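In the two assemblies presented below, subunit A is common to both, partnered first by subunit B and then by subunit C.
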Partner chain A sequence: MTTAMLTEALASLTRHRGVFGALVADADHGLVVEATVQHGVSADAIAALAASLYRKAQLSSRAAGLGDVSLLRLEAGGGQLCAIGCGEVVLVVVAEARTNVGLLRAEMHRAAERLA
Partner chain B sequence: MKAMSVHGWTDAPMRRFVADARVRYAVLLHPSGLALSQYGFTSAIDVMSACSLVAAIRASAGALGTELCGAPFTELYYGGERQQIFMAEASTSRGPCVLLTVFDVESSLGVVRLFVSAFRQALTAAAPSIGDTPPTLGPDFESELQRGLAAVFDRGATPRVTAGGAR
Partner chain C sequence: MSDDIRRLSDELARDPSSLVYLALGETLRRRGALDLALKVALRGLERHAHNPAAHDLVGRVAADKGELERALEAWTMTTRIAPSHAGARRGIGYVLFRLGRAMEAEAHLAAAAADGDDEAAAALSRVRAMLGIGAPTELEVPAGAPAELATEPPSSPPRALRAPSDDAARTLFAETLADGEHTALLLDADGFVVAGAYVTEDGEDVADQIGAELSGVRDEAERMVKHLDLGALRSVVFETDVATVAMTPVGDDAMLLLAASKSTPLGLVRRVADRCADRARHWLSEVA
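Let's look at the complex of A and B:
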């Protein structure tokens, strides 16, 4: 995984309409590896909390015998947050509520494959 | 297990930090090694040891930072196999404080750092202005230390009673 690959993966996600930001976080430590976010969005906070959420979702999913999480999606009043794991990192996207989830999901999977 | 504090004003920020960051242990101390508040430790000896070591590590890291970068380092992280530690400084109207926290897989470095930032702000806001309470480090260090340890372990000794509500 190179910086250019990370930048390209994030660029492919932030091109989507309604995406506020995308970042790659270290899955274990919740630290930002690379981020492209709009002004006012705290990449550090999102990386820390989204990685923590993803880790716990992964544990829950495995405990329930469902296997690994393929996509974690959180809906909130002001938008949505999606996270997908790829090896030692988690790819996170923050977007408006009306963003096309199908397209975003497909692009996230493509980006994750490139990063894996 | 509850957070126990020598100075009442440190109590709420400490409890909030522990709950938010989901850490196993936390101790707030004066840079001299005097414990101000603790969570998770069950023996005074452990707190004393931790505080002494943190004070020494802070002094060493500060000297190293000054040597290498012209300013002391203010945060330090050590990763272990099962547990990790994070140390950070906070400044208040009562003077500088150091927070040592120990966490495991229930938390992460990113989460701990995030809530340490919030803790710093809460501590700064909660600190009484100078004159409302005795100085964090009193002139009689030894008895201050004993009182502090008694307070953080609820051993019934009477800590110095202050207008700020020290416990």
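Let's look at the complex of A and C:
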């Protein structure tokens, strides 16, 4: 996938109402590969924390015999975060708490297929 | 068809996920309609796989039918979910005695009697009287000769649902979980199981392992919401190869963990998790 295609995939996610930002992070090290985020949003912090959370869920799920994690969603009072693993990278979206998760989830799966 | 059986059947038809099948199955059993009672019990079990009363009902019907191995299996499963289930423990003692395993029967009944089960104590007295007090291990009671032990399988209501707090904790979510496709655990801050059960298809309770392995996810999630200033953590949901797992904070340091089969719609997972969390909050406020 070219950088332009990656940027377009992330842009399609950030066009959703309530989305603050979308990024692709290295799954092992939590470093930003590509990001499209609103002003004031720290892509570096999101990448590091989201990759860490996804990795923890992945290891825990495997240890519990539940297999690999395909999608993770964190919901908090002030926002939510969704992450999908795509091989060596993690696709992450941060959005308002009220954002339509069903639509976002479907769009993330489409974007993840393009990343794979 | 009698009025009460018709009424219970109608009620079950209106709400197939209700627990009325327990009363219907028991009524049919008492009327001697054993094949139908077993059918009702097994259908109920499909929806309420973690309900000890469902397994107990299968045990009672199977024992009535003379299917002792099946009864033993059902009652063993009952005690895995609710270890102090008095009816199941008496049932196991009864079946073991019928199978000629008198020593094991005596041990089961003695354990139940030691926990204050008067009916088990009475059965234990009869067993010991037949075997010889103090020397039960030397005797082998032939199968089919236990008429003095009990004239029928234990049929009293399942006491476990109203007695020991240990069982109350293990079965905390049994009614909230409408079918066997979900299982729920309440974990403390260290990942120890406070309530609920996680029983695999082969009957093994892996709640401790699951709780310990997955509880660390909450710590990581709390770290994330704090650093990103996202407010209070409401839930973490992750979809895996075989399941959807939802984790919801309950109070300051407990967490509700719900695991549902992968085929369960995500909206339903969220609703069931919310109901279980409410149940857990209510229960914690009662036991505090």
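Please note the rule applied: the second predicted complex is superposed on the first by the 116 of 116 C-alpha atoms of A that agree within 3 Å, B and C clash if a C-alpha of one lies under 4 Å from a C-alpha of the other, contacts with A are read in each partner's own complex, and residues count from 1 in each chain.
As a working rule, a contact is a pair of C-beta atoms (placed from the backbone, for glycine too) under 8 Å apart; a residue touches a chain by one contact, two chains touch by 3 or more.
Keep in mind that what you see is a predicted model, and the values were worked out from it rather than measured.
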Query raised in the report: Just from the overlay, do subunit B and subunit C fit on subunit A, or is there a clash?
Result: fit
Requested in this report: Could you look at A:Ala51 and tell me whether it touches subunit B, subunit C, both or neither (first, second, both, neither)?
Outcome: first
Requested in this report: Rounded to a multiple of 10, tell me what angle the C-alpha centres of subunit B and subunit C make at the one for subunit A, in degrees.
Outcome: 100
Query raised in the report: After lining up the shared chain so the two structures overlap, which partner does A:Leu66 touch, if you call subunit B first and subunit C second: first, second, both or neither?
Result: second
Query raised in the report: Touching A:Thr14, do we find subunit B (first), subunit C (second), both, or neither?
Result: neither
Query raised in the report: Between subunit B (first) and subunit C (second), which does A:Glu75 come into contact with in this model arrangement: first, second, both, or neither?
Result: second
Query - Broader residue contact with subunit A after superposition on the shared chain, subunit B or subunit C - result: C
Query raised in the report: After lining up the shared chain so the two structures overlap, which partner does A:His29 touch, if you call subunit B first and subunit C second: first, second, both or neither?
Result: first
Report task. Report the closest approach of subunit B and subunit C over their C-alpha atoms in the superposed model, as a whole number of Å. Result -> 9
**Report entry** Footprint overlap on subunit A, comparing subunit B with subunit C
**Finding:** 45, 49, 52
Report task. Under the touch definition given earlier, write down the residues of subunit C that touch subunit A in their complex. Result -> 206, 209-210, 213-214, 216-217, 220-221, 223-225, 227-243, 245, 259, 266
Query raised in the report: How about subunit A: which of its residues touch subunit B in the complex?
Result: 25-26, 28-32, 44-45, 47-49, 51-52, 55
Report summary line: subunit A contacts subunit C in the complex at 45-46, 49-50, 52-53, 56-57, 60-61, 63-81, 94, 97, 102
**Report entry** subunit A partner contacts - residues on subunit B that touch it in the complex
**Finding:** 107-111, 113-114
